[in-house]
Every structure is written in structure tokens, then in C-alpha cells.
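Down below is the structure, laid out as C-alpha cells.
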């Protein structure tokens, strides 16, 4: 039962993350939503890889470990970008108007 | 008292060494608990680096303490924190919710460093008292109490800490 | 005994959920910060029991890590201006 | 067993509710706090999935370092301009809910059908587990990271370095007041630091050593070191500096250098690229990686190219 | 069940009870400072009893030492957090 429960929960969490990403205007919120989505994907990866065997799959664990570290590096870089954008434009959001300007 | 006259941040190299030594022993014991004797050389290395880092961070001077008094203090602490937990649990579960919150001011006479830090942190675990604020000079503590009479345990704690660090004996003051 | 340890984990998790109600409700910023405290103390117990229950000694290291984090997260909270939460 | 199911259900439900709150809270700060809590629940979920390696990483990196990074970035916004940092939590997006529902359905379908596929006997993980006895490493995850997928791990170190260099390139170094948070008269904070920092060094070393045989390893160890560093930056014991010294540059690149040095150097002896010559090489690379990861994360956190100590 | 397990069971139940009491206090008490009392003291006692129970079950000095260390660190984190939160709350009220 454990795998099914976690796959279902992680799917919903993924959807919540997508929703959050779409409705968020503040870039920090978008990043939070992205991180939430990432976590749910990790869970599904591990559960699916480990199904049918005795324990979790070491290759999947190693991949997810890599993923967690990459995620924090990417988040840190994105946060630095956000601070720069804020310093330049005085806003921490990218609205549609900005897209038109580009 | 000499300790408070000396500048706040002063700590001599000898005192730093004492601090580092104490930290080292604690870290080494932790390593033993975590790993046993496996990789003991790595443990020694980590404990050394860790204790030096701790020594650099030490802000107050270490105070001499006696092992048997530490045991006594540990006993006092266990009994009082047990009483504290039972007391607050009883108050939370009673239907009439017998709490009567108040703020008190308490002047700390203990010297800076370990005695004062211990005082401020342990107060929160005694029955009915919580250290809520500290004045900017670090001399006056604001204690939040749940019921009248709770301040008595603060006085007892003060006496206990004095005994732990031998602050009530005359020769300690000359150091 | 194994079954009982599982029940204890479940009980503590339910306890956590109840406590989160206070955190969600507030009313003050400090009430929300109680989350760090509550999570610190309860999840540590959960992890320690799980270490015994699931026979995974490594979870004791995780518990130790949680305790350390609880302290750091609290320090991180207190840099923000006092009225920040109501912004 | 029903108790297991209830616990899993509770954790799953907790994840969903917390995720909902993270994306919909009224203030950004509350969202960040809840994100940290979400990370802790994730760590509990990893333990239920029998993956303590990931629980360690999630607790230290997912909840701890990421949460602190977010909080710090938010604080920087407030310092730069307190007026405009506020936001409305919800923008307008007519497609948000349908898209979210659709993606949930999609992911659930993929996940559930993957669960029902007849499991392969010869997955890479099985093979890795079988080969593990020859390597002298007891923890299959560390083995996979360093022996079977070592190019990934190498590139991952490169990604960390690139993130640091990129962050340095696009943003001005943080001023000291943008990094430090707690400057109080309370001696308790000092006492906490004097306990946490030495312990973080010891525990990082423990995880490094343990990583060869049981859960732990360079990533978790580096994250624990980073957590100690973050605490020091938060309390201004370490302050941002303008220029990195040689020691900083060496430490940041140590993981990459050790990996490449041993991995390429081994070719001179007729081995293949990145074939590690023994357990000692694993230890060496892991140590170098731990130092690099810890320092890189701390520097990313401080938003500065280097850190200098300040006597307490 | 052996005598050892019975002792552990008693400690475990007592520990869970104090966790529950702490949460009830958290929900019932009227102000932040009183809630902090409930959370720090009751949860500390709860953690102590849970650790005691697990130490009895494990009957191994290394595990016991780790449990004691975790408990002590938890105490330190809890008291420092409680002090900082209380102080924050008090200064905001002013």
C-alpha cells in the first residue's frame, strides 16, 4: 500500500505546485512552487524504481541525491537573479508587460 | 565582582585553551557514541577541528566547576524539569485552566559567561517560569511566570548555579 | 512491541497536526514561529522511535540533524523586522 | 498493516496540505516558513520509503539550506526596498486550475501504471547491488555515486561551482548588513553557536565516514557543514568579503580538482577515465567534495565571493 | 512481553502523554508566553521519557549516549528558541 499512497499524494502535490507556479506573481513564490514540484517528482521516482524489489533502488537514490543538490544550486542562482532584477526594476515579478518589451 | 568589570568580550588565551579542552572531550565522547572506535583517528581530527572552532566562538570565560557538584546540579535539573513538565501538563489539562500569567524583573548577580547563560536557559525549564527578555546590558532578566510564587524556583536555581561554579566560596572571588 | 512503537509514531504525528492548527491560526507572528519549536521537538521523537521500529539506526543521525536545524532556523527567523509577518 | 498505512496516509495528507499552504499563504514569509515545514515532512516520508540517505539530504539541504536561502533572499529584498517587496499571493490565470488538475491526473497515471508494470529483475540498481561486494563499500548509494555514475557526480560538482560563479557574476556582493541577521545581546545565541558549530563539524565527519557503509556521504556531510556556516553568517561571526583568497578558491574547487586529478591521473596507469584506484581515492574525493559543497553553499547563502571571520 | 519491554512501554506512554499535554496547552492557553511554557516544558519532558523508553529497549550504551545527546541538544534548541520567541513577542507588543 505504501507505494500507492505516496504516488497519489505526490501527484496531488505536483498539481498543487503547478497551480502555485501559474498563479504566483512574486518570483520567490514561483521558486517555492518549483521546489515543491521537484520534491514530488523525486518521491515518485524513488517509489517507482523501488517497486517490486526488497528496498529502494540505489541508482534512483543516487540520482535523487544529485537532483536535490542541483535543485538547491539552481534555486540559489535563481534567487541571486531575483535580487538583481529587484535591484534594477524595483519589482520582484515578471509581468506580461515586461515580456512584451523584450 | 571582577568578572563583570573586565570588558565584556575579553577572554585570555589560557581560558580559551580550557574551553577548547572541554569541547574536545565532549566531541570525542560524541564520536565514540556515534562510531565506537572505528576510524578513531578521523574522530580525533574532527574533534580537534571542532573544538578549535568552538574555542574561536567562545565569548565568555570558562568557569571552574567540580565534577561532583555538576552531578548534584544535574540531579536538581532533572527533578525540577520533571516538576516543570508535570506542572504545566496539569494546568493545561484542568478544565478551569488555572494559569495567572505575570511578568517579573529579576536582577542577575551571576558573572557573565557560563553561569549567566546557564541561568537564562534553565529558567525556561523550571516549573512555571520562562525567561522572556534580557535588558540590553545583560543585567536584568524579564521572567514570565504562570502562577504566583513561581519566582522562588528562580532563587533556588541561582543558589544552585553558585554552588556548581563555586561562586559562594571566598577563594573563587580572588581568581 | 513493534506494533506499539508504530502506534506511538502515529499518535505523535496526529499530535503534530493538532499543534499545526495553532500555527495556522496565529494570531501573532510569534505563534507561527512556535512551528519551529513544535516541529523540532515532535519530529525528533518520531524519528527516534522510527529508528527503533524500522530498525534503521541511521535515523538517529537524522534526528540529530533535525535538532541542529531547529536551532538554526530559529536564528534565521529573528532577523526579519518585527512587523514583517503582517505585511 | 493498518498502522503503517495510517502513518503513510497522514504524511501524504500533510504533504498535500502543506504544499497548498505554501503556494497560497497570504505573505511570502509565511510561505517560506511552511516550505521549511514541508521539507521536514518530506524527510519523514523518505524515512518511510526506507531511504535514510535521502532523509538526511532532505533535512539538511531541502529544508535547512533552501529555507535559509529563501529567507535570506526575502530579507535582501526588504533591505533594498521595503515598499515594493510585498505582493499579492494570487495572480490572474484562468487556466491555472485546469492545468493543475490535468498535470495531477497525468502524473498519477504515469506513477500508478509504472507501479503496476511487471518489475524488471535486472535493473541497474540490482546490478549495482550485486557488484557492490567487490568495491569494499557498504553503502550502495555512495558506490553508485562514485563508482558507477561518477561522471554525473563530477558534473554535479561543476554545476555547483557554475551556480556560485553565475550568482557572483549577476549580482553585486552583499553588504555585511544584508547577510547577518542576529546581532543581539543575548548570550544564549553565542552558547547555541558554540555548541552547534563544533558539533556540525563532528557530525559532518561522521556522515562522511559512515557514508561508505551506511547512510551518509559527501553531499549530506557538506550540507551539514553548510548549515553550520549558515548559522555563523546569520550571526555575523562570518562576514561577506570582497575578494576570495587562495584558500577559498582552492576549497571551493577542491572536490572538482580531486575528482579530475585522480580520475584523469589514473589514465597514465592504463586505466579507463575516472576508474577510481581504490577505497583511499573514494575517501579523498569524498572529503574534498564535502569541503567544496559546504563552502559553496555557505557562499551562495551569504551572497558573497568570500567570507572572513570576526572574533566574537 | 519481557519486563524490559514493560518498563519501556510505561515510559513511552508517559512520554506521549506529555506531548499531548503540551499540544493541549498550546491550543488552550491564552497568550504566546503561556503557550511557550506548555511547549518547552511538556515537550522536553515528553522527549526525555521517549528517549528513556528507547534506551531501555536498546540496552546499549552507545545508543543511550546518542539519545542523551539528542535530548540535551533538543533542550538547548528549545530554550534558546523559546527565549528568542518570547523576547520577540514582548518587544512587538510594546
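Some notes on this structure:
Note that the chains take the letters A, B, C, D and E in the order they are written out, and that residue 1 is the start of every chain.
One rule holds for everything that comes next: a contact is a pair of C-beta atoms (placed from the backbone, for glycine too) under 8 Å apart; a residue touches a chain by one contact, two chains touch by 3 or more.
Small disclaimer: the values here were computed from a predicted structure and weren't measured.
Using the contact threshold fixed earlier, the set of chains in contact with both chain B and chain E is D. Counting steps between touching chains, the shortest path from chain B to chain C takes 2. The chain pair sharing the most C-beta contacts is A-D.
Centres computed as Cα averages put chain B at a distance of 33 Å from chain D. Between the CA-based centres of chain C and chain E the separation comes to 11 Å, rounded to the whole angstrom.
With centres defined as mean CA coordinates, chain B is found 42 Å away from chain A.
In chain D, the residues that reach two or more other chains under the touch definition are 4, 11, 50, 53, 74, 85, 186, 188-189, 191-192, 195, 199, 203, 206, 210.
Residue numbers of chain B whose C-beta contacts span two or more other chains: 30, 34, 120-121, 134. In chain A, no residue touches two or more other chains.
Chain pairs that touch one another: A-D, B-D, B-E, C-D, C-E, D-E. Every residue of chain A that touches chain D in the complex is listed here, in rising order: 1-20, 22-26, 28-29, 31-33, 35-36, 39-40, 42-44, 46-53, 55-66, 68-77, 79-84, 86-87, 90-93.
Touching chain E in their complex are the following residues of chain C: 1, 4-5, 8, 11-12, 15, 18-19, 21-22, 28-31, 33-34, 36-38, 40-42, 44-45, 48-49, 51-52, 57, 60, 63-64, 67-68, 70-71, 74-75, 77-78, 82-83.
Remark: chain D residues 185-188, 190-191, 193-195, 197-199, 201-206, 209-210, 237, 309, 311-312 touch chain B in the complex. Of all the residues in chain D, the ones that touch chain E in their complex are 186, 188-189, 191-192, 195, 199.
Listed in rising order, the residues of chain B touching chain D in the complex are 9, 23, 27, 30-31, 34-35, 38-39, 42-43, 45-47, 49-51, 53-54, 56-60, 112-113, 116-117, 120-121, 134, 136-138.
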